[in-house]
Amino acid sequence: MSPDLLELGAQRIQAAQARTQTEPGGSGGRAAGYAHPLQAGMVDVSHGRILYLEDVTVSFDGFRALNQLSLDIAPGELRCIIGPNGAGKTTLMDVITGKTRPDAGTVYFGSTIDLLRHSEPEIAAMGIGRKFQKPTVFENLTVFENLELALACHKGVWASMRFKLKAEQRDRLAQVLHTIELTQQCHALAGSLSHGQKQWLEIGMLLMQEPKLLLLDEPVAGMTDSETERTAELLSKLKQHHSLIVVEHDMGFVRAICSKVTVLCEGALLAEGTLDEVQADERVIEVYLGR
Amino acid sequence: NPNAPIRIGVLHSLSGTMAISETALKDTVLMAVEEINGRGGVLGRRLEAVVVDPASNWPLFAELARRLLTQDRVAAVFGCWTSVSRKAVLPVFEELNGLLYYPVQYEGEEMSPNVFYTGAAPNQQAIPAVEYLMSPDGGAARRFVLLGTDYVYPRTTNRILRAFLRTRGVGSADIMEEYTPFGHSDYQTIIARIRQFAGQGVKTTVISTINGDSNVPFYRELGNQGVRATDVPVMAFSVGEEELRGVDTRPLVGHLAAWNYFMSLQNPANAEFIRKWTAFARARNIAGHRERPLTNDPMEATYIGINMWRQAVEQARSIEVDRVRVAMRGQTFQAPSGFQVRMDDRNHHLHKPVFVGEVRADGQFNVVWRTRATVRAQPWSPFIEGNDRRPETPQRTR
Amino acid sequence: MSGTPTPFAFRKHIGWCLLLLGALWSAAAHALSPEDAWALAEGDTATRIEALHRLALSDSQRAHDLIRALAREAVQVQGQQVLIADNGRWIDATTGAAVDGAGAVAVMLNNRLRNALEQSLAVLDLFDPDPMRQQAAAQRLRESQLTRPDPVLAAQIERALSPPYGQRLAAPARLVLEQAQAVVRLGSSDAPQRLAAAQVLAELGQPLVRNRLAEQLERESDPAVQQALRTAVAAIDRSLALAEVVRQVFAGISLGSILLLVALGLAITYGLLGVINMAHGELIMIGAYATFVVHALFQQFLPGWFEWYLLAALPIAFMASALVGALMERGVIRWLYGRPLETLLATWGLSLILIQLVRSTFGAQNVAVVSPQWMSGGIEVMSGLTLPWNRIFIIAFAAAVVIGVALFIGRTRMGLFVRGVTQNRSMAACMGVNTARIDTLAFAFGSGIAGLAGVAVSQVGNVAPDLGQQYIIDSFMVVVLGGVGQLAGTVYAALGVGVVNKFIEGWAGAVLAKIAVLVLIILIIQKRPQGLFALKGRSA
Amino acid sequence: MTDMPPPSAYSPLHPPSKPLFGRAGWAALLSAALLVCVVVPVLNLWVPSDHALHLSDFMVGLLGKILTYAICALAIGMIWGQAGILSLGHGLFFALGGYVMGMHLMRQIGADGVYGSALPDFMVFLGWTELPWYWALSDSFLATLLLVVLVPGALAFVFGYLAFRSRITGVYFSIITQALTLAAMLLFFRNETGFGGNNGFTDFRRILGFPLATAEMRVILFAISGIVLLAFVLLARWLLLSKFGRVLHAIRDAESRVMFCGYNPLPYKLSIWVISAAMCGVAGALYVPQVGIINPSEMSPANSIEMAIWAAVGGRASLIGPIVGAFVVNGAKSVLTVSFPEFWLFFLGALFIVVTLFMPNGLAGLAQQAWSKLRRVRA
Amino acid sequence: MLIIEQLHQYYSGAHILRGVSLQARRGEITVVLGRNGVGKTTLLKSLMGLVPIRSGRIEFDGHSLVQATPYQRARAGIGYVPQGREIFSRLTVQENLLMGLATKSAKTPIPPVLFELFPVLAQMSGRRGGDLSGGQQQQLAIARALAAAPGLLVLDEPTEGIQPNIIKDIGRVLQHLAKNGLDGQPMAILLVEQYYDFAAALASQFVVMQRGEVVAQGSGEEMEMANISKLVAI
């Protein structure tokens, strides 16, 4: 680990100490030291960060898709990321989910899990769900099976062999099907859905996964305005219990869901703030919004 | 039904890797059948050949052997080329008490009551050939490269040859043994090594037990690298007229092969044999042979086999295997090799002459050496330890 | 060709000179007794060799003619009469009179006689007016002096180099002959002579020479000579070691270039079009059979042009395979785009049919494809290292084909369409590309390349109906190792496999080398799951 | 997620999990079992040989052999059809199972061999005086039964682990399986390797003390093969109806997406791969005593390709398809090599082409189509 | 002018398009609206010949296209921007554009205006199409369809994933193209779009689809009045 990272850790520990001293709870009333019991596989968000990136750089044959990007997401936050085409938004998600390895930088999930040390399925199992820019569903499985697969449960081989859908799981499935309005097509093959329906199905799969952190890459692309509204509602509800990162180009949608917006440009942070602040920013208007 | 045709089985691969060699044997059987039928058949009954294609697949050999013996109830089977195919069908023939005529030279170490071996045993081919090479006429070789395809026939033959060479005072420093996989097609390295081994000032020869497809690339590379017969002659045991068909033999003139028959032999029996084959190939429009009919040793052995079987059946006045087997003993036949070959009284192998031939520019062989008389087969090579205790007659083992 | 005439060139010259001699012969003829001629033609080998030596040393031109005729296997006997056959005419060997030899039979030669004949011829040729023949003869003498020192020959060499004769030798032949003499002198009792011989021989980096020098080193007593011998041996060892490495690399590249040729068509039909083309081997086979047919036609109808049949075979083999490929595409594969694994099954079926078709037409056995003369022999690049011409041609041919394919795919509009269509067929159609035509064309092109490979392999291996089976696995291995759809990858993979194979074969034997290469391929794919030249980035 | 409408608002979902077999399925399974265990033995052993219904020994042997092929086809169908992994090297696992069994049978020959030695003939012949270590367990039948599964399984595990860990997929995987089997074949061809070289093992005489070359033994081996096949069908059906099967399908269609759902594809692929390899091993072990020979050409790439072709012809998407394919292709081969020895390749080749062109889902798919059409007509 | 009449299309039994009729005239932008899954993409694919139709008439500039293959339709002058971009992912940007010129003679250069419209393409011309970001790919897809200066441009949700200022540019460009085309000829534009405001701003004609049928149709000015946004939202 680099020295500044050590330093950073020390700062965070201090902050945590300060917090545990002021606010009781957390460790059940016990006076905790800087160590506090961590359940294996649980994300430690006690430091107020569910996702933390620092100085992440990704380059492709010399071209820097991400350039020393740093980012911080709090638990329960919904963050919108906007920025011109090619700014590196999708690449950022690739880095978080383990699909792309950065050339430099650190990526932490909570304050203890170094995501760069984990593989894609491990990261997914820890509770980071993702919706891709281009809808990807299992085309040869039915809608129902797609959702069932995404269902949060033990995902080992042996468990799968003996898996039986429990009643409450079935109810959840039904709920989600309703939410995404695919109850009708429940037993249709996902491959035969239209583009927008696939988008919805993918959101549904994400819901089934019950991730702690959701990454949504252009969730409303190809949806009608009313559907966009519905999605906005849905995300707003989700944000109370989950952390979300949403990438969108639809400003109406961003306005509907979001308090804090990050603007990326050429792989680096251009601006950050509320949508209004950002929309007023000359540079953002210049490169992104247009006049 | 006493007038129904007698069926015989033909078990040669017509497809797969072995088709190159075996197809001609099938046609040889068919030719002999036609000839025999033309003369009134056997015991007054016509012969009918049941041809099947085991497709170079050894389990399929076993399956089809069983089929021939049980479904088609053939009186005898003419077939197999590779030793492994013979090993595969052997249990079937022994179980069902069938009769197999095996027409190809092989490594010996076998003697089944249900097989008649009409090809050469090692002492009817390999040993005389090496003896020739060590003679002044053969170049008085003192150094040997034993080059073969990596499987049982070359390995066994080379084991026997090694032992034999030891008795002739050739030390193991003067023997190089080298194996290539089946279908090996790039002989650059090996031939370079042979040249190196031969370039030490001692007369060196190569004894090739390369088998199958590899021979063409091998000989071509020999020609390429200018390895000439006058410097380093190559003696082959499984290269005959048919195998040379695919090579430009001009650079190979003088390289050698040992067989019990060559197409170039001059004698009336052979002239007749070639004439018949030519006519048959033309009449049946056999691709390849209709333009350029060739005969070779296994074809001759096949021809001998079926004729001896006919004679034995007539002598036994029955097609019953046990009686034919007895009648086969001591059976003789005026073979295309020009000699009268005889089935041994005991060991189910033929007494055969041995020839050494040099490749000619036209792809035929110049016979440069021959045995004076036929040689009795030693299926249990005396150069292999413990073989002196082997029985002289086939034993029933199951 | 090269400074060193090949044995074949050497034989060709004999023919030439014989014509020349034929013109002179009536004047130069000396007596040759029928008994002597008979002794040379028939009888046991030892007596014939004796007669040969006798006749070679005689001054009789007739005797020399007979020896030359024997060497080219043109001597026949009729009754007790010895004849020389020449293009359907015969002359009596002793009288030179034309006779009718219709019933004559050829006399037999064996290797022992051939050896003796060659030596005698070498002595005769040493004073031939043609310097090339002189040199070849000198080389022959040097060789035989190295392999089997022979006092008779040694005396001949001494004599040839000494005054009246010496002047008649051309410089290169003289040099060689001096080397031969050095071999003899190495054993002389005179130390300075030995020293000089050692120095002369050090130049000649052959294993045989090395052995002679080493032998001499063992019994050498004179320290100066010892020293010279030691350096000579060391120098030869060095050059031999170098030659060995060069030879292995060359062998590797040449194996690699064959792999490359056979894989290249597949790199198109499979790499680009995505057809798991199990009949690829059969397309090669068709190319080889096309070569055979062209070869046979030339043999029959254009014997004068036979040497150039390969040039005609190239386009014809290309067209033949391309045509079969086009038919396959139109008839079967066309319906299977987007179902790559199904193509495996269908093309497997096609390959069975093609094999059987060829087997029924041409027979199951090998057919002979004779290489033209200019492809035989080799060039001596350093002492002890001769690179065969046919291998060199194949390497050059492979390079040419690769460049051609790369230009076609990478630089032409058609190539662009091929790549576009193979990546996204329906979009390419929406851009206005006639996809069906491009598909057929591309498949035919890949098949045609396979046909070209067939021309090449017909020059090194056997041509038989199942020829293709032998190459199909290697082809897939190479294409996949290089990275599917990566032409450069295919090239590197083929050459890499070839060279590695040959190096391992050098010390572990062919079987283990093959196994090692396979295991290596498996391991490399572990490291590079998309082949050596995997596309990086999102699109991969 | 809280604010969802209550579930009662919807019609309950039909549970998509199906029973292992429907009634018709069970009936078919039982009748198949009856066929192999009762009907065939009776027709072969007790119906007199001149009776029209008599089933000849030859047929029993042939069917028994094809049954073992069918097991292989099923195994290939499982990984190819269900998990999208095309193996062109399953012949290796088949041969390994065969070799394990072959070794045991070789040992069973005892001193009855040509050389009358306790060692197998080829060892005597190569001048070996004792069994190499890797023959150690070949004496025990029990160990042999275990090894038949373990040897191919273990090799498949190691190979599969490496390959799947490196995310080798698609044709890259197919080709390295082919490289593997080719390497193994070359290795086994070598006489030094100690498995009889080119000739392999043959000349078996008895199993568990009973002679092999009897009609009864043939029927018994046939019946065992049949039962094993049926058992494997059950196993496969169970596996593929579970969520495991659906995950496999998902991996087949979009492996990377599966990872983002939190599944690690490695153990999934690895387990189906090992199961399938072990199945092939068992098939090989059943095959060897029936055909009487095992040699390295079973490992030749062409053999493995052919196995894949059985599955494809029958229809790899279903479980029954590959089995049907094995029967049709091998049955056709058996008939054609005898009836049209010189032309059978034309027929076989044409069969493959016709199946691919006109029956995208193989013969089984065709049957299904016909069946559903029939039902539509009746309805 | 494009005329589609009574188009019926089935996906293995499912009736997707049920008698769709519409017209698109040169110089006009015809917008097709409708919710997800109503068959808009299917309509365009039928028009391009990518999916077989059961019955109906498709006519462009007086020629019937029903029997034509996709490439013949492209040669007849139809440019297509598919949903999901469908870039040739392993061809470079430049080569993608050259593919767009397939109907032209080999020497036709890539029209420079494309790079003016989408400057990012000039920057990335050597990069592989598949490596571009989603929005960049979308721009490339549009440029590719324009390269051959088609008489009819068919766009399936072209704004999807594109940054706002470029959307505005695209709007301007489409309007310009309808009037003047790339080569001065007016162009017919058929635009499928979910982004209502964008659609409304551009539409000269609109068509609303529901369950495979056309349920409303009219000129661009009528859109507000007809309360189309409600119709689409149901």
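Things to note:
Read from first to last, the chains carry the letters A, B, C, D and E; within each, the first residue is number 1.
Heads up, the rule we're going with is that a contact is a pair of C-beta atoms (placed from the backbone, for glycine too) under 8 Å apart; a residue touches a chain by one contact, two chains touch by 3 or more.
For reference, the UniProt names are E = ABC-type branched-chain amino acid transport system, ATPase component.
Everything numeric here is computed off the predicted structure, so don't read it as measured data.
Path length between chain B and chain D in the touching-chain graph (shortest route): 1. Looking at chain D and chain E, the chains that touch each of them are A, C. Path length between chain A and chain B in the chain contact graph, taken as the least number of steps between touching chains: 2. The chain with its CA mean position farthest from that of chain E is B. If each chain is reduced to the average of its C-alpha atoms, the one that sits nearest the average of all protein C-alpha atoms is D.
Look at where the CA atoms of chain A average out and do the same for chain D: the two points lie 45 Å apart. In this assembly, the C-alpha centroid of chain B lies 30 Å from the C-alpha centroid of chain C. Mean C-alpha positions place chain C and chain D at a centre distance of 46 Å. Computed centre separation for the pair chain A/chain C is 66 angstrom, with centres defined by C-alpha atoms.
Residue positions of chain A with contacts to 2 or more other chains are 60. Across the assembly, chain B contributes 14-15, 150, 179, 181 as residues in contact with two or more other chains.
Shared interface positions of chain C, i.e. residues touching 2 or more other chains, are given as 355-356, 360, 469, 511, 514, 537. Those residues of chain D whose C-beta lies close enough to touch chain B in the complex are 56-58, 61-62, 65, 112-115, 122, 124-125, 127, 186, 189-191, 197-200, 202-205, 211, 213, 287, 291-293, 295, 297, 334, 337-338, 341-342, 344-345. By the touch criterion given at the top, residues 14-17, 19-24, 136-139, 150, 178-181, 183-186, 188-190, 192, 196, 199-201, 203, 213, 215-217, 220-221, 223-226, 228-231, 233, 242-243, 245-248, 250-251, 254, 256, 286-289, 358, 361, 363, 366, 368 of chain B touch chain C in their complex.
On the chain D side of its complex with chain A, the touching residues are 1-5, 7, 9-10, 12-17, 239, 242-244, 246-247, 249-250, 252-254, 256-265, 267-268, 271. Chain E contributes residues 48-50, 69-71, 73-75, 80, 82, 86, 88-91, 95, 98-100, 102-103, 106, 128-131, 144, 148 to its touches with chain C in the complex. Taken in their complex, chain A has these residues touching chain D: 97, 99, 119-122, 124-125, 129-130, 132, 136-142, 144-145, 148-150, 152, 155-157, 160-165, 170-171, 173-179, 183, 186-187, 205, 207, 209-210, 237-238, 241.
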